[in-house]
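Look for subunit A in each of the two complexes below; its partner is subunit B in the first and subunit C in the second.
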Partner chain A sequence: MSAPPADRTLDEILNLAASHFKVAREKLTPDGDFFKTLGIDSLQALDLLTRLEHHFRIELPDYELQGVSDFRTLANRIRARL
Partner chain B sequence: MLDLRQYASLGAALKDALERWPNETCLIEADRDREKVRLTYSDFKEMARPLCRALEDADFKAGDRAAIIMTNQSKWLISAYSIFFCGGVLVPLDYKLTAAEHLQLLAHSKARFLVVEYYLWRAITQSREFAKLTVEIVLVTEAPAGADLRGAYRWEEFKRKGEPQFVVRQREDTACIVYSSGTGGRPKGCVLTHDSYLEQCASLTAWYPFWPGVRYLSILPTNHAIDFMVGFIGPFVCGACVVHLRTLRPEFVRDAFVRYRITYVSLVPMVLKNLERGLRAKFDELKPRKRWMLDRLIGLNKMLTRGRPRVEISRRLLPQVHKAFGGELRALIVGGAFTDPSTLQFFYDLGIPVTCGYGLTEACTAVTLNDLKPFRADTVGKPLPGSEVRVLNPDSDGIGEVAVRSRAVMSHYLDDAEQTAQTIVEGWLLTGDLGRFDGDGRGHLQLVGRKKNMIVTAGGKNIYPEDIEAVFDGLPVKEFCVFAANYLWPQKTLGNEMLVVVVRLEQNQQFDDRLREEMISRNRRLADFKRVGGYLVWEKDFPRTASLKIKRGELAAEIGAGTARAGVVGI
Partner chain C sequence: MNDFKGQTLSWQIVNGTIELALHRDPCNEIGSLTLEELEKFATALPELVNESQALIVHSTLKAGFSAGADLRELFQRGQEMEKAAALRGVREFLERIHSVMNALDAAPLTTIAAVHGVTFGGGFELALVCDIIIADRMARFCFPELRLGLIPGFGGIPRLKRDLGNAVVRDLLLTGRSFNVMKAQQIGLVSQIAAEGEALRVARATASQVGKFDRRTAAAAKEFVKPIPYEELKREIDIFCDLYSRPAVEAGLRKFVESTDAQPYLP
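Showing the complex of A and B:
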């Protein structure tokens, strides 16, 4: 099965992050720093990873988040596992 | 527990521990809800043997240095034990550093060997600086079949049998080189002896003992001074068990408390805050009647535990809360950074003993700790047995720099006599932290700020401005300098720490969106916990020495006197 288009993965992540952390969707941009725009710490970011795992039905080790702070890079890491 | 006075080295003490409690479980490793490893002390010894033989075969000699870069797991402890067994010096590196930073510290430490987790090794081999790797032999754990290890060996390949030869070390020999900072500037490798660790372990376990059957949940990175001591050395010399989690997702951490009926856990404030947030959310979901009842029971618990913790009573009064923590938790140990007293109070009011301490890598692990007699949310506790603490040159409020003298204090910074001389003066370690003893006469220390230009994040990371300035090199401004905001504008409280980049523009240059974007983009090259929080445009040239180095102290004083913190613009 091939991975969905990059834009769609990214869009789904942005929607999910916005609803999970109750932030207006339009405030989130693909290259935005999610720690800053969502106002979260690294543990809450791990929480987001769990939500994304459930959504995409994949398993993401914690280290996939290491050094990542923007949605686009996160989307690429997820797409590589789809 | 073992009588540590009888041992000359960590290796000798750990070796005896493996003999003393062969059938006790020493390690459990879980990944999410799957238990991956469960080892007795006897199993641990068996697993260490091939690695010890491998080190022997590679001509590993007493005093040789070996680094570990791994997330918390059984192989971390097995590797560390093997290094000590063979007389080596352990260099535990922070796995959250970048590959370039790992390479830099490996070179600085002169480590001959490296034990590293596969994903971290992959990052190192892909780094542009990989050619600078100075380590001779690399052992990689959990590498997938067929992976190109670029000359490294697989940890799991070592199956050599036979009894390795234990290498005797003395108390004054170096046990570990632990980096407290310095990835971008001057590395500060704290050289800690076997004596430091054995003394520190004896004093910590005198207040918070371990015994066979105790289960310690290891969440902080094992390379961190706290977890190395209370998540490895302490439990092992007492026959206790360490539980490792391969993920730090809050939901699995919460599950682990229950699944493994955890006795102790050490946390940094960020994790404690996260637990508090989760509990408060659950309390808020309660129906009004149940919430009213909960508040009454918390009030009763507060009254009954005013003088000292009474865990058994608290467990009966608030069973649901205690069950969520496994029902056998004896203490949450918090350290590594400033902890909001209201968070500590929140847990104590629920009957969960929470003890806040203060320490620094230069002092091995901890300097002070709360003994809960009684609980104090507003202090970092009393000096541990064997530690002398003084407040130097106190002002009218009794506030001055905290200095420490004990056998646990490091002997020196590796290859840096100048920094050592500035930090250890006449046998006293100058901590750079400002504090005072409170007036209760019981020796409780309160920390009120920092004298040094650095911050400590809620995750327990020390960040020195000099270490991150390189990322702003080439910024199109006349000059720039990074400071801790509290160093520019001292405040008599901890917390609210951030870094500020101060920029001096060229003549006629305007601070425009392009410059701002450039600054943001550079800032994002740093790990999230290292980023600067804001910038300040300064209108004067920076004072410099004859060799054109910025006079940081002088500039900070000028900025502090000439402008307010409110002038910092967030980025």
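Showing the complex of A and C:
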């Protein structure tokens, strides 16, 4: 089974992040820094990672996210595991 | 002492179950004060066991069960002392915490870790001494010690080896990656998953169930299926102390303590 389109993965991430962290969806952009736009710290980033893993039913080792802070790159990392 | 309220933890007997609650901000880092209070608990345990059917260990803090050893204290002590004295202090700390962990591991009643959020390093090791781990859906586990140039020091490797296949242990240890409850259940580490915020309630229901059985039978079954790897535990202390003396550890601890990185918890 092939991975869903890149835009759909990205959309699902943005929707989940906006909903969980109670940020207006339109404030989140694919290349935005999620630490800044969501106002989250490292522990909340782990929380987001866990929610994304549950949502996409994948396992995403956190070392793959070292240095990643924008939604687009995050979506690419997730798609590589779908 | 049937109940106790300390600075880092508290315990009480609730409906025949001992509930040991961790509550040291920010995420139950285990340093000398927590160790002192854990030792108080271990001393009180033989008496508590007579009046209870099970033990639940949990955290009252939102961030999680425990982020592990207090690395800031470890770094600070290393800076304040001459090297040989610092090493003696580390060995003494490890021997004391192993003594507590071994007492919990061998306790003649069913022990349950109800974990949520961050369950890392020494916190993970504390959960591993318990007979049953019940995890909140958002719990996350990790052994990040290798990034500091160390191995887990509170009994983690021998207890992981007791419970899991060696290939999985190598993956978790050598990558230092964190993993979620689905993975934890898949590899056989977590036996029950609770909805968000429900781990303690599920643990209480489980404690109530185990309390229906004959105490002596349950203790005999536990002793039979859960041997304590004393020799490997001693070896772990030796290896930890050998590694602690190396300059890479001071550099790793300094990097962690002084980090302003947005992802200091990510190995």
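Methods note: the second predicted complex is superposed on the first by the 82 of 82 C-alpha atoms of A that agree within 3 Å, B and C clash if a C-alpha of one lies under 4 Å from a C-alpha of the other, contacts with A are read in each partner's own complex, and residues count from 1 in each chain.
Heads up, the rule we're going with is that contacts are C-beta pairs under 8 Å (C-beta built on N, C-alpha and C of every residue); 3 or more make two chains touch, one makes a residue touch a chain.
Note that the structure is a prediction, hence the values are computed from the model and not measured.
Visitor: Following the overlay on subunit A, give me a clash-or-fit verdict for subunit B and subunit C.
Guide: clash
Visitor: Taking the superposition on A as described, I'd like to know which of subunit B and subunit C A:41 touches: first, second, both or neither.
Guide: So A:41 meets both subunit B and subunit C here.
Visitor: What is the contact status of A:78 with respect to subunit B (first) and subunit C (second): first, second, both, or neither?
Guide: neither
Visitor: Taking the superposition as given, does A:17 touch the first partner, subunit B, the second, subunit C, both, or neither?
Guide: neither
Visitor: Touch check for A:62: first (subunit B), second (subunit C), both, or neither?
Guide: both
Visitor: Looking at A:54 after the superposition, I want to know if it touches subunit B, subunit C, both of them or none. Which is it: first, second, both, neither?
Guide: After superposing on A, A:54 lies in contact with subunit C but is clear of subunit B.
Visitor: Per the definitions at the top, what is the overlap between the subunit A residues touching subunit B and those touching subunit C?
Guide: After superposing on chain A, subunit A residues 35, 41-43, 46-47, 49-50, 61-63, 66-67, 69 contact both subunit B and subunit C.
Visitor: What residues of subunit B sit close enough to touch subunit A in their complex?
Guide: Answer in residue numbers: 71, 96, 98, 119-120, 246-251, 270-271, 273-274, 458-459, 524, 527-529.
Visitor: Using the touch definition up top, name the residues of subunit A that touch subunit C in the complex.
Guide: So the residues of subunit A in touch with subunit C come to 35, 41-43, 45-47, 49-51, 53-54, 59, 61-63, 65-67, 69.
Visitor: Could you pull out which subunit A residues touch subunit B in their complex?
Guide: It is residues 33, 35, 41-44, 46-47, 49-50, 61-63, 66-67, 69-70 of subunit A that touch subunit B.
Visitor: What residues on subunit C touch subunit A, complex-wise?
Guide: Counting only subunit C, the residues touching subunit A are 27, 63-64, 117-118, 137-138, 140, 175-180, 182-183, 261-267.
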